[in-house]
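Read the structure below first, then the notes.
Chain naming follows the written order as A, B, C and D, and within any one chain the residues start at number 1.
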Amino acid sequence: MAEYPTGIGTSTTDSISLLGHDLASELLGQISFGELAYWLATKRRPTPGQLRVFEAVLVSLADHGFTPTAIAARLTYYSAPDSLQGAIAAGLLGGGSRFLGVTEDTGQFLHDVVLGLGDTDAWTPAEWDDAARAAITETRASGGKIPGLGHPVHKNGDPRTPVIIGIAEEAGVKGAHLELFEAIGRVHPEILGRTLPLNGAGVAGAALADAGLPVDLLRGFALLARTAGLIGHLAEERENPIGPTVYAEVDRNAVYEP
Amino acid sequence: MAEYPTGIGTSTTDSISLLGHDLASELLGQISFGELAYWLATKRRPTPGQLRVFEAVLVSLADHGFTPTAIAARLTYYSAPDSLQGAIAAGLLGGGSRFLGVTEDTGQFLHDVVLGLGDTDAWTPAEWDDAARAAITETRASGGKIPGLGHPVHKNGDPRTPVIIGIAEEAGVKGAHLELFEAIGRVHPEILGRTLPLNGAGVAGAALADAGLPVDLLRGFALLARTAGLIGHLAEERENPIGPTVYAEVDRNAVYEP
Amino acid sequence: MAEYPTGIGTSTTDSISLLGHDLASELLGQISFGELAYWLATKRRPTPGQLRVFEAVLVSLADHGFTPTAIAARLTYYSAPDSLQGAIAAGLLGGGSRFLGVTEDTGQFLHDVVLGLGDTDAWTPAEWDDAARAAITETRASGGKIPGLGHPVHKNGDPRTPVIIGIAEEAGVKGAHLELFEAIGRVHPEILGRTLPLNGAGVAGAALADAGLPVDLLRGFALLARTAGLIGHLAEERENPIGPTVYAEVDRNAVYEP
Amino acid sequence: MAEYPTGIGTSTTDSISLLGHDLASELLGQISFGELAYWLATKRRPTPGQLRVFEAVLVSLADHGFTPTAIAARLTYYSAPDSLQGAIAAGLLGGGSRFLGVTEDTGQFLHDVVLGLGDTDAWTPAEWDDAARAAITETRASGGKIPGLGHPVHKNGDPRTPVIIGIAEEAGVKGAHLELFEAIGRVHPEILGRTLPLNGAGVAGAALADAGLPVDLLRGFALLARTAGLIGHLAEERENPIGPTVYAEVDRNAVYEP
């Protein structure tokens, strides 16, 4: 007989259990949605510090204005206003390598390096700088790119980056991933020959990793955050749509090239 | 020249503004993800009471175990593990009329009735009962169904319902939608001839409406909550998959019927 | 023991059966993809005439240039080039009420009327005109719209319409749905007070219904046709992208409206 | 002023042009849907031989019974019957690396090898065998897998494979990709130490490449074919659903593992 294992939840006629707790008496009204999202993804309840960083990172990732994914969601809603779920899904489907991927790529890159560093608990900034130099040099030698560096708009520094690092510090969860990311920020100019900002998507990946979230699921948290942003865009599209204008402009300025 | 209006955010080289506030100095670390989601959807910052109800409702809606949508997301992940966004999107696409729709349907039903009631601020329970009787009778007469009534498992009462109502009461946001929903719970047996529980999806819709969220977007909040649940399911699917078993069982027990 | 009935296909170690035929020896190279699509949807093999109309209608629906759904697919591809399936899915998700829905709406509208007409085999054009007048008048009286009428560009007549009707006539499958649709084209000016073209999406719905396809699945055939169009758009997006320009234009012309 | 280039289509008040031809007078009723799909993807009209292979391959890929993607589409339709496009999109989203990817992976693998072979027009089978040996050996040495080999059910040979090859031969489009694929089929046992069938998804990729389709879009054609299959599954789900049974079985046999 086939069995379907799960540790998420169970229910009986009279009760619903979620993550081993009674939903009604132990969870509702007692944990935030952010806390539940962390817990569901990891099967561990976050510490207050981890939760503080997690909520801050979700807030930082929720919206980025008129991104291609937000525009795609709005156009989908314009075409099929009967299916809100379809418009949100369309917006999430752009959460791939080019846009939302930076968070996951940065977290995984840092994680791979950190795994090879041994015990870094008592490391000085200079030791982190050495590790960062080695990682950058090696990545470049094999033709790779350092994720989390550079931003098309915030060329002098992404305003989210120092704030997220500060929150992690205050919350006591700043760890190896953020240390390494900061060191990359310090040493990359001497290797790459130019100074690039540590971007907000990258610091989000580093901070989520330090906050105990699995690096191979980081894209998922970017998608969760973005779902809130997409609902905002679709709420606005109902009142003050841009979909018809985007369509009209593209159609009007189409140029036939055989 | 085409213009694309938005009130969500703007950014300059040095700053990011979200909902009229500086993201880095005014929002990060200072509001929860739930608060931002509310704010993005309504362009209004929630009161502490509204936020408490909103977070509780999101927690109540995040997971329902092995729903068809969770199974669909897991099967999609099994087929295309390279695209987490695709698996989440597939899970959300089931958020339509039959499953996730109850929250929105209940909120809209109650809202439509409430709009016709005039000033109900000083109403007694008996007055709410009369309004509920009229609404049920009229809906039945036109062949409609009362949304939010009944549950396939929690036949004696959905354990979420009294807790959500209690939180709304404590938070000072219990209003006309929950009053009417409770009254429906009291009077429907005398009209329908049987006693059905007020279900958790329905009370979620009523509570969200009382917490100031737009009734025609309620499905969106159910989808946001469910995104967290889907990430939990996909995290579990990575470790302890059910997708291959579902596939094998369906395939093995397929019966050809020309 | 649970069973999963299907009449689509079965396979053994040595053979694959599809729709009751051996795939390798009876179908491959012997039927067109269009024929298989018809057969899968209906479990009936089309007559040559039905197939001719079906293929022509799919060709007529495959592309409509820079529609909102094509733009959404291209933007999704630009954001997540690693997931072609996500970009196609995003494009299909706009196949709802506003754009692709006309084909299904027209087919269903005509079908509902036709069901009430009795035996129309020997009807004269004048009899069809009477039926059309009654249907338009009744629909208008109940506040409804006649689907399939009007086009934002082809104001003097949609060039697809007479050709599709001609193909159906030649193929011997012109039936009650197209007859009624043509009659609506003739008589609506006297009732509506203005002359609107019978549009290509509408005639597609009428022709598919006459070709024996189920009217409650017509949207599916529009989606199938559009999948081919979306692949064309994405192939072009790889070579000569518009996604970056759409994004840049919307972002550059964003206007903050608090 | 932004411009949006496209070579797919244009329209004026009186005409619609598609791929440089008048849709109404030159295409409708004169080309099959398969021919249009080929043409849209490549901007080249297929030769009769190329079209014959393309249609046969689409037929071979359209359905594979109760695959995870078909089950996911059915579950989505069960949850949200109001959105056929959502159910089809959910089914396509599983078209990733594990299932539908084989067609593209095989086409690309063969293409990469073929590009390095120089002029193979007059090659003998023995020369192809040598090239196949080299490709397999090199791929294995770098830890890679040979795509298109092996099948969980058709262990003695996939019945589609010889038929597709035969059609390509007859149609005069058998070229380097199929030659190399056949050679892999002949020589792999001596290198891998066991005999695996050339599977249907792999031969589809080889045949599409020989038929002139771009190897980096082959997944798209698998998705197009599968769209027809999904419509068949959803048509069947309306009449004789399996979604409720899948849901009930998984739910009933859920085992809580904390």
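To be clear about the criterion, contacts are C-beta pairs under 8 Å (C-beta built on N, C-alpha and C of every residue); 3 or more make two chains touch, one makes a residue touch a chain.
The shown structure was predicted, so the numbers you read here are calculated from the model rather than taken from an experiment.
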Selected pair, greater C-beta contact count between A-B and A-C: A-B
Farthest chain relative to chain A (centres taken as mean CA coordinates): C
Inter-chain centre distance, chain B versus chain C - centres from mean C-alpha coordinates, in Å: 33
Between chain A and chain B, centroid-to-centroid distance (C-alpha), Å: 24
Euclidean distance of C-alpha centroids - chain A vs chain C, Å: 39
Shared-contact residues (touching 2 or more other chains) in chain B: 2-7, 10, 65-66, 80, 82-83, 85-86, 89-90, 93-96, 100, 240, 242, 246, 249-250, 254, 257
Residues on chain A engaged by chain B in the complex (per definition of touch): 2-16, 18, 22-25, 27-29, 31-34, 36-37, 40-43, 52, 55-56, 58-60, 62-66, 83-86, 88-90, 92-96, 100, 153-157, 159-160, 162-164, 166-167, 214, 216-217, 219-221, 223-225, 227-229, 231-236, 238, 240, 242, 245-246, 248-249
Residue numbers on chain C that touch chain B, as the complex places them: 1-7, 10, 20, 80, 82-83, 85-86, 89, 93, 249-250, 253-258
Chain B-facing residues of chain D, complex: 65-69, 71-73, 75-76, 78-83, 86-87, 89-90, 93-101, 240, 242-243, 246-247, 249-251, 254, 257
